[in-house]
Amino acid sequence: MHVEKQKHDFEPKIIAFVCTWCTYAGADLAGTSRMQYPANVRVLKFPCTGRIDPVFILKAFQQGADGVLVSGCHPGDCHYIAGNFHARRRFAAFRKLLEFVGVDLNRLQFSWVSAAEGGKWVEVVTELTERVRDMGPMQEFKELAMEEQWSGAINTPELQEAYNQI
Amino acid sequence: MSRIGVFVCHCGENISRTVDVERVAAEVGTMPGVAFATDYKYMCSDPGQGLLKKAIQEQKLSHIVVAACSPRMHEKTFRKAAESAGLNPFLCEIANIREHCSWVHENREEATAKAVEIVGMMVERVKKNRVLPTITVPVTKRSLVIGGGIAGIQAALDIADAGHDVVLVEREPSIGGHMAQLSETFPTLDCSQCIMTPKMVDVVNHPKIKLYTYAEVEHVEGYIGNFQITIRKKARSVDEDKCTGCGLCMEKCPVRKIPNQFDCNLGLRPAIYVPFPQAVPNTPVIDREHCIKFKTGKCGLCQKICGPGAVDYEQEDTLIIEPVGAIVVATGFDLYSITEKPKGSSIKGYGEFGHGKIPDVIDGMTFERLASASGPTGGKILRPSDGQEPKQIVFIQCVGSRAREKGISYCSKICCMYTAKHTMLYKHKVHDGQAYVFFMDARVPGKSYDEFWRRAIEDEEAVYIRGMVSRLYQKGNKIVVMGSDISVGVQVEIEADMVVLATAVQPRTGADSLAQKLGISYDHYHFYSEAHAKLRPVECATAGIYLAGTCQGPKDIPDTVSQASAAAAKVMTLFAKDKLEREPIVAKVKEAGCVACFYCKKVCPYGAVEEKEIRDRQGNLIKVVAYVNPGVCGGCGTCQATCPSKSVELDGYTDEQIVAMIEAL
Amino acid sequence: MSTLKYSYYPGCSLHASAGEYDLSTRELFKELDIALVEVPDWFCCGATPAHNVDELLSLSLCAKNLELAEQVEGDLAVACAACFSRLKFTQHTLGENETKRTQVEKALDAKVRLDGNVKHLLDILARDLGLDKLAGVVKTPLKGLKVACYYGCLLTRPPGVPNLDCVEAPTIMEDLLAAVGAETVSWTHRLECCGANFTLSRPGVVLQLTNAILESAKAAGADCIMVACPLCHGNLDIRQQEIEGVYKADYKLPVFYITQLVGMACGLTPERLGLEALIVDPKTLLKEKGLL
Amino acid sequence: MTHAIDTSIYSAVTDAIRGEAQRILSEGQVSAVVGYAAARRKGSAQPIVINQADDAAKLIFTPACVNNLAVYLTKAKKEIPKTGKIGIVVKGCDLKALVGLMGESQLKRENLYLIGIPCAGVLASTIQPDKELTHDSIASKCRECDVHLPTGCDFLPSQQPGTPELEKRYAAEIARLETMTPAERWKYWKEQFSKCIKCYACRQVCPFCFCEQCLCDRNKPQMVETTPRPAGNFAWHVVRAMHLAGRCAGCAECERVCPMDIPLNLLNRKMAKELKELFEHEAGLEVNEKGPLASFSEKDDQSFIK
C-alpha cells in the first residue's frame, strides 16, 4: 500500500511525553486499531506523568520541538496511585510560568488519554500537529540557540576594538 | 565505546509493508556506537531470538535495541533472550515501530523516516542504560487475613493447609460473616449453616491459624514480605482461655431484651452473649453499652456464677503486633438501607418506599433470618408487625442497585438469584401463598442458575412482573405496592402482606479508612480496586496485598470462594521462595547531593521514603538524608521530578536516558 | 418591604381555565410587594403533548420563551407545573446536548439563553421570600384547615431536572402551609400522576388515577387539597363530581391553588383570590373553619 | 515629590534588640545571634554573627539593614545551628523565609530564638546607605508588605511601625506584562535575560537555594546550559523560578543583588500569584508540612488538560 503524502510547507516536530500505563497503551491501541494520524509525533515513554520534569519540556523546545504534548492517566486511574495528581499541579504552575515568559501555550498540550482511548490519542495528536503546523516553526527558542552574544551592553565598538588589538 | 546491536523486525508484513526495514537497518547501522544492524522477518520467533543471541555473542554487543512491536508486547521476551546470551536484560531496549509507526502511517517515505528516528532515539537511550541487578527482598512466610466471613475463612484455610501460618482477624465476636446468617443457598438449596459451620470449626482447630475475633486492624507498617500489623483486640470482658462455653452466664443475665443484630434485630439476646449458637469461638462477649454492671456498677451476676471465673470486667483493649509477609483483605459487604440518608450524601434513600418506616417492608437478609431454621421464628415466615403469615408477598429487585438517581449505578449481581430462592423458600413454607417479583432484568448467568430461576417461575409459580415499583404505602394492615408491568404496558397494584426488598450490596462502612491504613486504592463507592480488572483481579496495586470476596465488588458465594482461593494461591506463590525478586525499576537516593528537604517523602504515594542518618565511625551525626526502600518503591518517579537537586533517581528512567532521547531528536 | 422582582410566565391555562390561579397569583404578589412583569408576547410552552410529537418543536417553543423572558428583569416566575417542567427540561436538555442546541438555535435563528433562573412560585414564596417573612405577614392563620398537599408528577421529577425539592419525598408545600398556620396530612398519593396527559384522549384513565388520589386524601383525613398546577386542578376539581358518580364516592374536597390558600392567610378577600371559580364549592368548609 | 517614611522607631528597636541579644547570650539561652551591625561606610549595615554578650552593643537596625539573614542559617553559616540554639534578627519578610525552611526540614523552630523587627521598610538600594527612607527610595517588596510586625517571635520590640499605603509596583508590572502578547513578553524577557552574566548571585543569596549540588551545575546530563549565552540564561531563570514556585517567601534578595538589574522577583511574584489563584497557597507565617507543589487535591483545576 502506498499513499501519497500530503504536501505541507512546514512539518512540525512534536514531542510527546507519555506515561506507560495509559497514554502509551492508548497509542498502542490506536496502532492495533489501525487508526491514522500525522507522523510528526515522537513518543517518550515514562513510567508515570509524575516522573515528567518540567525541565524536559524546556529541553524539548530547546532541542527544536515545535510542539510538546504531555499525557497520562485520567485522575483516579494512576497506576501509581497519585502520580498524575502531582503532575497536574506541577504543570498547572509550569505552563503559567512559560506563558509569562512569552511561550505561546498553543504549542503545549496536556491531556488524559487512557489505555482504552486510542481514538482520543489520534484526536489529540492530530489536533496539536495541525495547530502547530498552522502556527509555523517555534522560532523563539531556535533563535535563542543561535545567538552567541554574551551581553548586549558589553558588545560596544570600543570593546570590539580592544579585542581586535589583542 | 558502546557496541550496540540493532535488530529491525518485519513482523511478517506488519512493519515492512509501510516501513522500509532494510533502509532502517542500513541507516541506523551508520549511527555512532552502532556496531551491528540487521533486519529479520520475525524477531520474536525462535530463529529470530537465536539470531539476536548469536549476534550478541559473536559481535560482543554491549547493548541492543530491538525495533519491533510495542514494548508492552515483547520487551520481556527480548530481555530474556538478551539475558540468556549473557547480557543484562536492562541493556536491551525496544523501539516501537509497529503500533507507533507502521500501523498508524500509510506513507512509506514518512513512516520509514519516522522509524529511523524512533530507533535513533532508542540507540541514544540504550547507551545510557546501566546494568541493573534484580532486587531481592526477604519474605516473612506468614499471612494476615482480614475478615472472617466465607472469603476470609476460605483464604485462611487454603494458606494454612499449604503449611503457612495465618493470622485471621475478625471484627465481630464470631467468625462466619454474612454466610452464617443465610438460610439456604442457591442454586442447590443446601442449608448454609450446614456447609458453613464445619469450615468455621476447621479454622479454630487448625494448628496454623491464629484467630483474633472481636479485633480490628489498627495500624499497618512495612511492605510486601515484611509487614508489621498492629491488631486491636477489643475487651471481650470474658477470658477466652478460661471460658468453657457452658452458656450459664447467658441464661442468668437479667438484661434480655436487646435486639440481636445477627437476627436483623428480630430476635432478642442478653447483654452477655454469643451472636448465634454455633458461634466460633463459643466464648461470650459482654455488650458494655447495655450491661447493668458497666452502666451502674451493680449486678455482676455472670461473674458470680461463672465456674471457671472467666468473666473479667476489668479487661481492656490490647494491642498485638504480628509480623506477616502478605495480607488478604476480605472485609465483605453491608446491605444498602432505604432509610433517609444524611443531607449531602451521594447515596439516597427511598422516600417512596417509606424510608424504612413500614414494619413489614423488610430486606433480603431479614427474610433469610425468617426463613432460617435457627432464626427468630424457627424458620416460619411471619410478619414482623403482627406475627401473621403473609399470604401475598411482593419481592422488589434492584432496590438501590442500578439506580443512578439513588447514587448507585452498579448491579449488585446476587439479588436476581436470591430473590428467586426467596420465592421458592416462601412457597415451600406457605403453600397457599403467592409471591410476586418486580424486576428490571433477570441476570442469572452461571452454572445451573438460569434453570434455578426458571424453576421459581415454572414450578413454584412465582409471578414475575417486569417493571419497577413507584410507591409503597400502608393501607390498613396491607401494603399497597404500585408498580408497572412494562411488558404489557399496564399499571399494577398489589395489596401485599409483606414486601421484601433486594437491596444493593455496598462495601462495609469504614472500608475507606481500612484502605488508607493498608495503602490500597478504592473506587468512589469504596469497593477496593484490583490491580487489573481482568488480568490481576485478586491483587491490589500495592504489592503483597490481595482481595477476596465482596470487598472488591458484589459477588455470590461460589465467586467469593473462588476469589478467596485465588488470593490464597497468590500468597502461596509469594511464599514459595525465600526471597522475593522484583524489577529493579526503583528510585535511589544519591546521598552526597541530598539536603534532606524530604520533598520526595512528601510526594511518594507508597510511603517508600524514609529518613536515614549518616554517622561517622564515632557515631557523630554527619547528615540526615532520604532513603528509598526498594521493597516498597512502586517506581513512579514522582520523587525525582520533584527533587530540586535531582538527588533521587529512578533506575531505568534516569535523567541521562531521557535527555539523551530528547537530544537525539 | 421586599425588593423581589420577577418576569412572569403565566402559561395558557392561567389565561383560560385556571384564571383564578392567575388572579390569585397577581393579587398575592401585589400584597407581598413582589413585582411581577408578564413576559411580553409569550406563547404556549408546548405542555404535555408537544414533546411527544416533535422534540425539536417543544424545545424551540420553550427556548423562544426563555429568550423573550430575558427582556424583563429578574428570574422567571412560573405558576404551572407543566410549563415549569418544560422550561426546566429545555434548559437541561440544551445545556447537555450540543447537537440539539445547534438545531434549536438554527430553528430560532438566535443564540439560546440558558443562564436565566426559572423558578416555580413555590420556590419564590418558600425560599426567595422565605418562610419566616411569610409567616410574619400572615393575618388570618389557616388554623384547623387540614390540607393534603398534592405535588403531582411533574413538580419534582425527574431527578436532576427541576431540582425544586427532594424528588420522592418533597416537603416544600407542607413547609409553606406550616408557615401560614395550616395543618397538613400525611398521605400516600402526593406524587402520583393525575393523568393530565390523557385528559381529553383517554378520560377513563384519568378518572381512575384521579379517583385514587381523592380517595387517598380523604382517607388521610384531609378537608381539602392544595395544588400547584392548573392541569392537576382541572382533573381534581372539575372532574370530581363525575368521579364521585362513577366510583360511587362522596369526597367533596375543595381543591385550592397554593396562591389561594396563602392569599387567604394574608387576608385577601375571596374575590381577589377568585374562589368563586372553584367547581367544588369551598364556602361550607371555609365557614366551618371560621375562615370566611 | 518624595514623602519621607517615619523610621524614628528604629533607634528604639535597636536598643531593644541589643538588650535582648545581651540577655539571651549572657544567660546562655543561645550560642550566637545573627543580626546587623554598622559597616564601614557611613550609614551602611552588614550582617554579623556575635557569640559574646558584650558584642550585643554592635547590633543595629536601620533602613540599610536590607539582607535576609535566613540565608546564613542554610548556606554560608550552615555550621552555626549545629553549635546550639541560635538567635536571629528577622523582619517579617525574612521570617516567612525561615518558616518556609522549617517546612522543608532545613531548620527546627526549637533551635531558633527569633528576635522580630517592627519594620516600616528598608531601602531599595544600598548604594547610598545613609539615604532617607522615602516613598521613592523604599524597596519594592516593602511597598507590598503585609507583615510589618512579624508574629510568633520569641521577642518583639513594642514599637509600632507606620505603614503608609504605597503603590504596588510588582502587581502593576505583572499586570502590564500580562496584557502583552506572548511575542511581546518573549521580547521583554529575552532582553532582560540576555543581560545575565551567570554570576549566580541570585542563587547564592536565596535562602531556598540550599541544594548542595544545583541541578543547573550538573553535566551528566546537562539539564541547563551553563554558559551565559541567551539560551542558557533563559533556561536558568525559568528553572530557578519553577524551583522557587510555591516556596519563595518574597524577600526579593535575588533582585537586589543582581548586578545586571534583572527584575527577578517579578517571576517569583507572578508564580506566587498563580499558585494563590490555583491552589490557594501563599507563603505565610504558619509552617506548612507540604507545599503546594508537594501536595494535591483531587479537585484541582484541570481545565487546561484535554
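When the chains are written out, they are named A, B, C and D in that same order, and each has its own residue count from 1.
Everything below uses one rule, namely that a contact is a pair of C-beta atoms (placed from the backbone, for glycine too) under 8 Å apart; a residue touches a chain by one contact, two chains touch by 3 or more.
Keep in mind that what you see is a predicted model, and the values were worked out from it rather than measured.
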Chain centroid nearest the full-protein CA centroid: B
Centroid distance [mean C-alpha coordinates] between chain B and chain A, Å: 38
Centre distance in Å when chain A and chain D are each reduced to the mean of their C-alpha atoms: 34
Inter-centroid spacing, chain D versus chain B (mean Cα positions, whole Å): 50
Whole-Å gap separating chain C and chain D, where each centre is the average of the chain's CA atoms: 65
Multi-chain contact sites of chain C, meaning residues that touch two or more partners: none
Multi-partner residues of chain B (each touching 2 or more other chains): 603, 642, 655, 659
Junction residues of chain A - those touching two or more other chains: 54, 59, 82, 86, 90
Inter-chain touch pairs (all): A-B, A-D, B-C, B-D
Residues on chain A engaged by chain B in the complex (per definition of touch): 1-5, 13, 15, 20, 24-25, 27-28, 30-32, 34-37, 39, 42-48, 50-54, 56, 59-60, 63-65, 78-83, 86-87, 90, 122
Contacting residues of chain B [partner chain A, same complex]: 17-18, 70-72, 96, 98-101, 103-111, 113-114, 117-118, 121, 521, 541, 585, 603, 605-606, 634-638, 640-642, 650, 652-653, 655, 658-659, 661-663, 665
Residues of chain A that touch chain D when the two form their complex: 54-55, 58-59, 62, 75-76, 82, 85-86, 88-105, 109-112, 124, 140-141, 144-145, 147-153
Chain C residues touching chain B - in the complex, by the definition given at the top: 158-160, 166-169, 188, 191-192, 219
Complex contacts: residues of chain D adjacent to chain B: 104-106, 210-215, 218, 220-223, 243, 289-291, 293-295
